[in-house]
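These notes are about the structure you will find just below.
Chain nomenclature is as follows: A, B, C and D, assigned in order of appearance, with residue numbering initiated at 1 for each chain independently.
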Amino acid sequence: MSERRIGVYICYCGGNISDYVDCERVQDAIKHEEGVVVAKTTMFACSDAAQQEMIDDIREQKLDAMVVASCSPTLHLFTFRGVAERAGLNPYLYVQVNLREQCSWAHTDVPEKATEKAVHMVKAGIAKARLTEPLQKTRIDTVPRALVVGAGISGLRAALALSDLGISVYVAEKTDKIGGRVAEMGRMYPHDRRGSELIANLVEEAQKRENVQIYTQAELTEKSGSVGDFTVKLNVKGESIPLNVGAIIVTTGFNSYQPADGEYAYGTDGVLTLPEFKQLLDQCEGDLTYRGKPVGNVSYIYCVGSRGSSQKENPNDYCSRYCCNAAMHASSIAHDLSPGLHQFHLFRDIRTYGKYELLYQEARRKGALFIKFDDDEPPRVEKSNGCFRILVKDVLTNGEELDIESDLVVLVTAMEPRPNQPLNDVLKLPLGLDGFFKEIHPKLRPVETVIDGVFIAGTAQAPRNSAESVASALAATSKSAALLKKGYVELEPLIAVVDKQACTWCDKCVESCPYSAIGKIGSGEKEVAEINAAVCKGCGCCVPACPQGALGVRGYTDRQIRAMIDAMEARNG
Amino acid sequence: MEKGGGAAGEGFRPRILVFSTESISDIGIDLAGSSHMHYPPTAISIPLPCSSGIRPDWILYALGHGFDGVFVAADGTDCPFVPDCTGRTAKLVDQAQNLLRENDIKPERLKMAAVCSVCAESFQKHMKSFFDALKGLGPTRKAG
Amino acid sequence: MAKVNPAFIEKVTASEEFNATECMNCGVCSAVCPVEIDLLPRKLFRYALLGLEDKVLEHTPAIYQCLLCKLCEANCTADVHIAENVRFLRTYISKEVYKL
Amino acid sequence: MPLPTGAVIGIMMDNLKKRKSVFPISHRKAVKWSQKLEIPEGGETVLYTGSMYQLLPYMLAAVNRMGKMEDSFLGRFVGMGRFFNKMFNVSAIMFRPKRADHRRFRRIIRDIARLLQQAGVEFGYLYKKELYAGALAFDMGADETFVAHARRVHAMLKEQGVRSLITIDPHTTNVLRSVYPTIIDGFDIEVKSYLEVLAANDTLRPVNKVAGEITIHDSCVYARYEDIVEEPRKLLERAGYTVLEPKDNRNLTHCCGGPIESLFPGMAHQIGKKRVRQLKDKNGLGVATMCPICMATLQQAANGDLEIDDIASFLVKAFCEPEEKPIKKKSADENRSEP
């Protein structure tokens, strides 16, 4: 007989469950299960009255585990953990059973069968609860220092913002130049200042700060420790510098798509990528010239390297989102240099969202012509008699084939993820399908990564413009500061555990762990695996890797899973 | 260990154990429920953090203890933990199928598919077709 | 194959009032046109802007069929001076073709 | 086969250049409406008819002729017509308006002038010196002809010491008020439609009781070019009528088709018919137009099915005492043509 004292509450959800599941029958079926001392049905388990009743039961009946069979845990897991906590019961002794979404609502057509399934589900929940143990969150003191990887506009802005908040910052820049892509960008929208000017201001400000230290030719080579207290090593011009930081912000930026040889005649003199064209514009004073010759006609081809268009293998499926705006702006600058210029924009769709629509308007007002082509019939670029002929079917005139002479062809190129392999090896940050660093949740946790204490911002995360990059850099700053200013962090205890008796240290678990959370320690006579509680995310990847079955995740242990399977088995029961 | 499909009576309703994941496939399965999309009520799930954490012997255990099929509702590419979750889970499923073969259980009793957080419809389809397939296979029975 | 002719573009866009480049090709003008000429004015302006003189002249009747009633303009999302643009094309034709 | 556009425009432009009007029309005919109204000649503020109402009978006659020509072999001869027109007045010979048309358009101008007099507005009239304002040339894109003509009109106005014009139709209003200033430096003559003048005038009160519902047909040019939308409604209501709004109205009004009548009569007629269907849906006493082209085109399209009249005719019934009938000379054949 179990010595556990379990309270079980079966919720009607005001009919959402009880209209299809006979809750009283479920109650009858489980009330004699081993360890159950309270078995009740309730109209709304989440109501204040019901919560109070649970608290009273926990106290009066001295319950040491609780099961609520109600809705999906995504809704109320934390509610009922809170109920347990208020009653003095460790919250990890609580188990939720998802009767609404996964039973009553899914089987409204067969109430009888739904009731049978509900019995199995609640029994499994009880079996799991029987094997729960009280767990504590791990508390770690934080270090009030941060590392920013990458000294582009995002990194520099994040560094200054952290410094403002009294957090010391180290900035590690891989190249010998500070400022990243923005420094090379020329005039920018909407303030019309040069990117290099913006960067110079940021650098000047950073240099004034005692608590900001920028390293160039510096690479992150090692990272250990955990959120709030990382030990990292930088390789700065060959010299290894150890640092101790509480948070890391990764702002490593993007690569500009390099077209394949011959993609829209790329490689021929006069076919430029958008960044190359922007540099040309930046160097021009007076009329737009190329190699000393005046430019009369310019054709832009959009979406080069974006949205599945590429002559390379594995084309990028995403829209690079910044390029329409950037091309419009470039077109407007070009017009201002040479008002007589004829500009032809060959596009698939124009995506000048938000205020950038004004750029589109401005470009049109300045006489730029927009020619929509079909995805399946991209323009062709031919070189003839010292200029280019662009052949394109104009969708808006029902496929009229146009022949446009151009002096310059500008390929409006995509933003691509940087291949940061050595850095990825150190940080172990997950990448999205597009190859950019991936956040935990695109809307709710947009700058956090699954590695606690490591944040992402700027174009390392996704294609975006500099304003959006800085916005995300400042978001990462405030997330870092919130973490470091509190002085300590609490970590979820639902992580992997090692059965030291069973472990024979074969190191198979080490390679299975995506977070390098498993190490080795001596235990009496032998060496066994050890889990770094601050690093382990509780994914359980190591569990099936262990040939001895010595690993488990708390809350999902081998005993619990088997007990649940046993409890659900109807045929022998 | 396993008897032939002929053992299935007319009223045979295969029981399916679903290994789901809390942050991805459960969301999809929940969505099927909240959309009132019916699937066989003999399908019942045990949620885990990640489908790459399923022990193959749990699958064998389930098939030995009253379940006629096991469905792994994998995280797929949405996995918040590991980018190669699909590959990892597939490997586990492979191992488990070998384990089933060794124990004279048809590997068809184990099925894996990625179920994303909006994959309600595909989950429903999987359940129905797996249910029908298992009906053809008949019940798994422990020897003796 | 239609050759884009920048010289013609310059001629038709010489008037400050000619602002067809602002057209977003939404087609509302064609939808509301009482004359129901599907060509007018969206496509016509495109021909003009692309410098396709032949195409423009081919549609001379359409250019004169316009009522200049501005119903399209009242519905235009891009504030294109449609009536004035049509009138400007007439000016071009009157001068260059009819030699008036 | 449509009419040869260039040739038709050519005839009209030649007329404007040589004879100062698109269709040549005698001064005697142009001023005939003002008989016995005792309007002073000239002055700072003048009623400016721009000859539009007076031209309409000629246009109707021309269209009638060309509508028949549009699909016939005669269409080809219009091109030659232009050649002859330069030497003598082809259009005057070809298109002979009906006497009744002359009379009904004269009547409208007369009503307008009487309304202004009734309201106590002081104004003069330029009589034979008045010139056509050039709207058609402008619309057809005959810019050189138009600009030369506009300069001539402007010089004449300056010479007469005119500072303010009261116009009576939308096209003249638009051309004088919105186009002239863009081509004539320092154009400083104030231009107002009589509808604006009357709507802003407080002394104009009904002297006769009228009632009933009148459907209003907004002119495209008034509504969309000149933003004259509320004034006619205000006046009809002040007169005692109830205003009915047709489906397409105010600044989204539907064109009558008239502007392309001279080049594409068939198509213009179709558009007119479409508008008549809309107006019929909401019909009371009749339809009030405020442009002679609208009135003529819609009347043709309605073909007697619908009472269509100029707004001035409705207003005058309420605001003015009935005029003594002018003495008729014999019983003339109303449909007889007169040059």
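Everything below uses one rule, namely that a residue touches a chain if its C-beta (ideal position, glycine included) is under 8 Å from a C-beta of that chain, and two chains touch if they have at least 3 such contacts.
Since we're looking at a predicted model, the values are computed, not measured.
*Asks:* Per-chain C-alpha centres versus the global one: which chain is nearest?
*Replies:* Ranked by how close its C-alpha centre lies to the overall one, first comes A.
*Asks:* Can you compute the centre-to-centre distance for chain C and chain D, using the mean CA position of each chain? Integer Å is fine.
*Replies:* Using C-alpha averages as centres, the distance is 28 Å.
*Asks:* Counting in whole Å, what is the centre-to-centre distance of chain A and chain D, each centre being its mean C-alpha position?
*Replies:* Computed value for the inter-centroid distance: 70 Å.
*Asks:* Find the geometric centre of each of chain B and chain D from their Cα atoms only, then give the gap between the two centres in Å, rounded to an integer.
*Replies:* Each chain's C-alpha centroid was found; their separation is 84 Å.
*Asks:* Where the CA atoms of chain B average out and where those of chain C average out, how many Å apart are those spots?
*Replies:* Their C-alpha centroids are separated by 64 Å.
*Asks:* At least two other chains touched by the same residue of chain D: list those residues.
*Replies:* none
*Asks:* Where in chain C do residues touch two or more other chains at once?
*Replies:* If we look for residues of chain C contacting two or more partner chains, we find none.
*Asks:* Could you draw the chains as nodes, link the ones that touch, and say if you get a line, ring, star, complete or other?
*Replies:* Shape = line; chains linked end to end, path left open.
*Asks:* Which residues of chain D touch chain C in the complex?
*Replies:* 2, 5-6, 9-10, 13, 138-145, 220, 224-225, 248, 251-255, 257-260, 263-264, 267, 271, 274-275
*Asks:* Would you pull the chain C residues touching chain A in the complex into a rising list?
*Replies:* 1-4, 6, 9, 13, 19, 21-23, 25, 42-43, 46-47, 49-50, 52, 55
*Asks:* Once bound in the complex, which stretches of chain A touch chain B?
*Replies:* 72-74, 98, 100-110, 113-114, 116-117, 120-121, 124, 430-431, 433, 438, 440, 450, 494, 514, 537-544, 549, 553, 556, 558, 561-562, 564-566, 568-572
*Asks:* How about chain B: which of its residues touch chain A in the complex?
*Replies:* Listed in rising order, the residues are 15, 17, 22, 26-27, 29-34, 36-39, 41-42, 44-50, 52-58, 61-62, 65-67, 77, 80-83, 88, 92, 95.
*Asks:* Flag every residue of chain C that touches chain D in the complex, lowest number first.
*Replies:* It is residues 34-35, 60-61, 64-71, 73-75, 87-95, 97-98, 100 of chain C that touch chain D.
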